[in-house]
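Both complexes below contain chain A, partnered by chain B and then by chain C.
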Partner chain A sequence: MESSVEQVGNVTLVRVSGSVDGLTADSLQTTFREQVDAGAVRLVGDLGGVEYTSSAGLRALLATLKLARQRGGDLRLAAVQPAVFRVLELSGFTTILKLFPDVDAAVKSFGA
Partner chain B sequence: MTPAAEITRPARPASLADLLGFLDATIAGAKLDATTAFDVRLAAEEVCTNVIAHAYPAGVPGPVTLRLERKPDVVVVTVEDAGIPFDPTTAPSPALGGDWHERAIGGLGWHLVRRVVDEVHHEPIAAGGNRVTLIKRLPAGT
Partner chain C sequence: MTRRVALVIGAGSVKCAAALGLWRALNRHGIELSMVVGCSGGSLYAALMALGYDLETCERMTRQLWTREVTSERNTRGILAAIFPRLFRFDGKFGMVHDRAMGKALAGPYGGRTFADATIPLHVVATDLENGQRVVLSEGSIFDAVRASIAIPYVWRPWQVNGRWLMDGCMSDPLPVDVAMREGADVILAMGFESPYPRKVKSATRYAFQVNSIYTNNLLRANFAFHNLAHHAEIIPILPEFDRQIGLFSTDQIPYVIEEGERATEAQIPYLKRLLAELDAR
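Here is the complex of A and B:
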C-alpha cells in the first residue's frame, strides 16, 4: 500500500493505492490521524487505486471517520472500486460513509 | 495449489507478512477468477489475524497453520491453532444498522468471513486447539 497527502482548497486529499490489509492498515490510519491532529478534518480518501481491503482497512476508515466527525469534519471516499465497494456494503459502511464517483465530486461536496 | 499448500508460523503479528505472502502466491498459482481470489484472500486473512490476536494467552504464542487446497469445484481453506477453544460459528454478528457514532471499531472479521465463503466449520483438535475449515465454491465452468 502507498499513500500520499495533498491539499485541494480547504480539503485534504489522501490518495491510497494497493492493498489495505492487516499489514498496512495501521499505517493508513496513522496517515489520516496525523492530518486530523494537525487540524485537517475535511478529508477525502481517493481509493481509486485500492484493489483490496480486509476488516483491518475498515477499522482504519471507521476510526478516521469518527475522529473527523467528532471535530466537525468528515471523511468522504472517492472512486471506490467494485471489489472494495462490496466489502464496504457487506459491512454496512455504505450507509455511514459518503461515497463519490471521483475526487472532484468528493472535494466539491465540502463546498471547496 | 495442487494438491495442497501449507505454511506454519508462530501466531505473532510479525508472521502476518509471511502468511499473506503465502496466500497471495498460492492464490496466484491457482488460476481463480478475480472474485473467488478476493474472497479466499479476505476470509483467510481474517481467520489468521484472529488466531494471531486471540488464540493464545499474551506472551505465550503457539503455531498457526494455514492450508489451501483447490479441488475440482471448491477451494478449501484450513486454519489450525493449538490455542484457546473458540468456535467462530457462534460468534455474534456485529450491529450493522446503527448510526456512525454507534458502530464498534472492530468485530467485522468473522462477519465478512461468513459472507464471502459458502461454509464455515469449526472442530476442536483432540490435542488442544481449533481447526477452522472454510469452503468456497467455484463458479460453474472454472
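Here is the complex of A and C:
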C-alpha cells in the first residue's frame, strides 16, 4: 500500500493505493492520525487505487473517522472501487461513512 | 507462534458452493485449515470439507442436495395444523415443506458420520427455537447438526438435537466468524453471501424465503461489522462476485459459482501468504 497527502483548499486529501490489510493498515492509520494531530480534521480518503480491504483496513478507517469527528471534522471517502465497496457495505460501514463518486465531490462536500 | 487459519462459510444457499472453489485454491497453494465453521447452506460445505470428501465428490453431492425435489412435497398436516391449531394439534414447530426428501439427500454424505470423523475440526451453527440463542454444534451427529442448521424458518421444521429444538443458524449468526474467534483463530477467511431473493414471490414458501432473506441479510451486516471491529487479528472477506442472478435452486450454475469462489480466493492468496509468513516469523 502507498499513500500520499496533499492539501486541496481547507481539505486534506489522502490518496491511497494498493491493499489496506493487516500488513498495511497501521501505516495508513498513522498517516491519517498525523494529519488529525496536526489539526487537519477535514479529511478525504481517495480510495480510487485501493483494490482490497480486510478487517484491519475497516478498523483503520473507523478509528480515523472517530478521531476526526471527535475533533470536529470528518473522514469522507472518494472513488471507492467495487471490491472495497462490497466489504464496506457488508460491514454496514456505508451507513456511517460518507462516500462520494470522486475526489472533487468529496472535497466540495466540505464546502471547500 | 502457531497460527490458526479458519474458514467460515456463511448462509447463502447455492452460492455457498463457491466454498469449493475456495478450497480448491487453498489446496493448490498448500494452505491448511485449522478449523471449518459453517452456517445454514455453508454448513453443507463445511461438513463435506471436514469429512475429507474430494472436490469432485463434493460437487456431485451438491447437485444431489440442491434439487427442487427437496422442496416439492408439501407438509400438508403441518399447514393444516397452522391454520387449525386445535383441530390438528399444532405442536409449536412448523414447516410448510415436508423434510422427507431433504433427509434422504442429507443421509448420503452425512448419515452415520460424527464430528469425531472430521479430519479438520468442524463447528456448525444453528439457532435455539426456544430462546433465539446461537448454538454451536461441535460434537455428535453431523447429519443432525447440518439438518438443524439449514432448517429455514417456516419452510422446514426445526430439528431436535440433544433435547433442544434447533433451526437455521442464519437466524442468529449468518456468517459466524465469532465462532472462529472464540476457537482461537488468528486468520479468518470469511466467505459470506447475502441470501438471494426469489425471482418471483408466487407461493407462501417463496414468501417465507423472501422474508428470511431480508432479515438474514440485515443481521449479516450488523454482525459482520461488530466482528470486524472486535477481532484482534485479521478477517479476510472473500466475496465472490457473480455477474448473473444465482437463485435458490440455480444448480445449473454450480460450476460457475465454484469458479467464482476460486477466482475470489486466488485474488487474496498473495496477501494471505504474506500474512501467514509474517505471523510465522513472530
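Keep in mind that, in the parts below, the second predicted complex is superposed on the first by the 112 of 112 C-alpha atoms of A that agree within 3 Å, B and C clash if a C-alpha of one lies under 4 Å from a C-alpha of the other, contacts with A are read in each partner's own complex, and residues count from 1 in each chain.
Methods note: contacts are C-beta pairs under 8 Å (C-beta built on N, C-alpha and C of every residue); 3 or more make two chains touch, one makes a residue touch a chain.
Here the structure is a predicted model, which is why all the values come from computation and not from measurement.
Superposition of the two complexes onto chain A shows a clash between chain B and chain C. By the touch criterion stated above, A:V5 is placed in contact with neither chain B nor chain C.
Applying the stated contact rule after C-alpha superposition, one finds that A:V87 touches each of chain B and chain C. Once chain A of one complex is fitted onto chain A of the other, the partner contacts of A:A105 are absent, as it touches neither chain B nor chain C. When both complexes are overlaid on chain A, the residue A:S54 reaches chain B and chain C alike.
In the superposition on chain A, contact is made by A:D21 with both chain B and chain C. Only one of the stretches 26-34, 62-70 or 98-106 belonging to chain C overlaps chain B in the superposed arrangement, and that stretch is 26-34.
With the contact threshold set out at the top, residues 21-23, 52, 54-56, 58-59, 62, 83, 87, 90-92 of chain A are in contact with chain B in one structure and with chain C in the other. Interface of chain C with chain A (complex): residues 192, 194, 220-222, 224-225, 227-229, 231, 233-237, 239, 241, 267-268, 271, 274-275, 278. Of all residues in chain A, only 21-23, 52, 54-56, 58-59, 62-63, 65-66, 69, 83, 87, 90-92, 95-96 touch chain B in the complex they form. On chain A, the positions that touch chain C within their shared complex are 19, 21-23, 52, 54-56, 58-59, 62, 82-83, 86-87, 89-93. If you check the complex, the residues on chain B that touch chain A are 16-17, 20, 34-35, 38, 41-42, 45-46, 48-49, 96-97, 99-101, 103, 105-106, 108-109, 111-112, 115-116.
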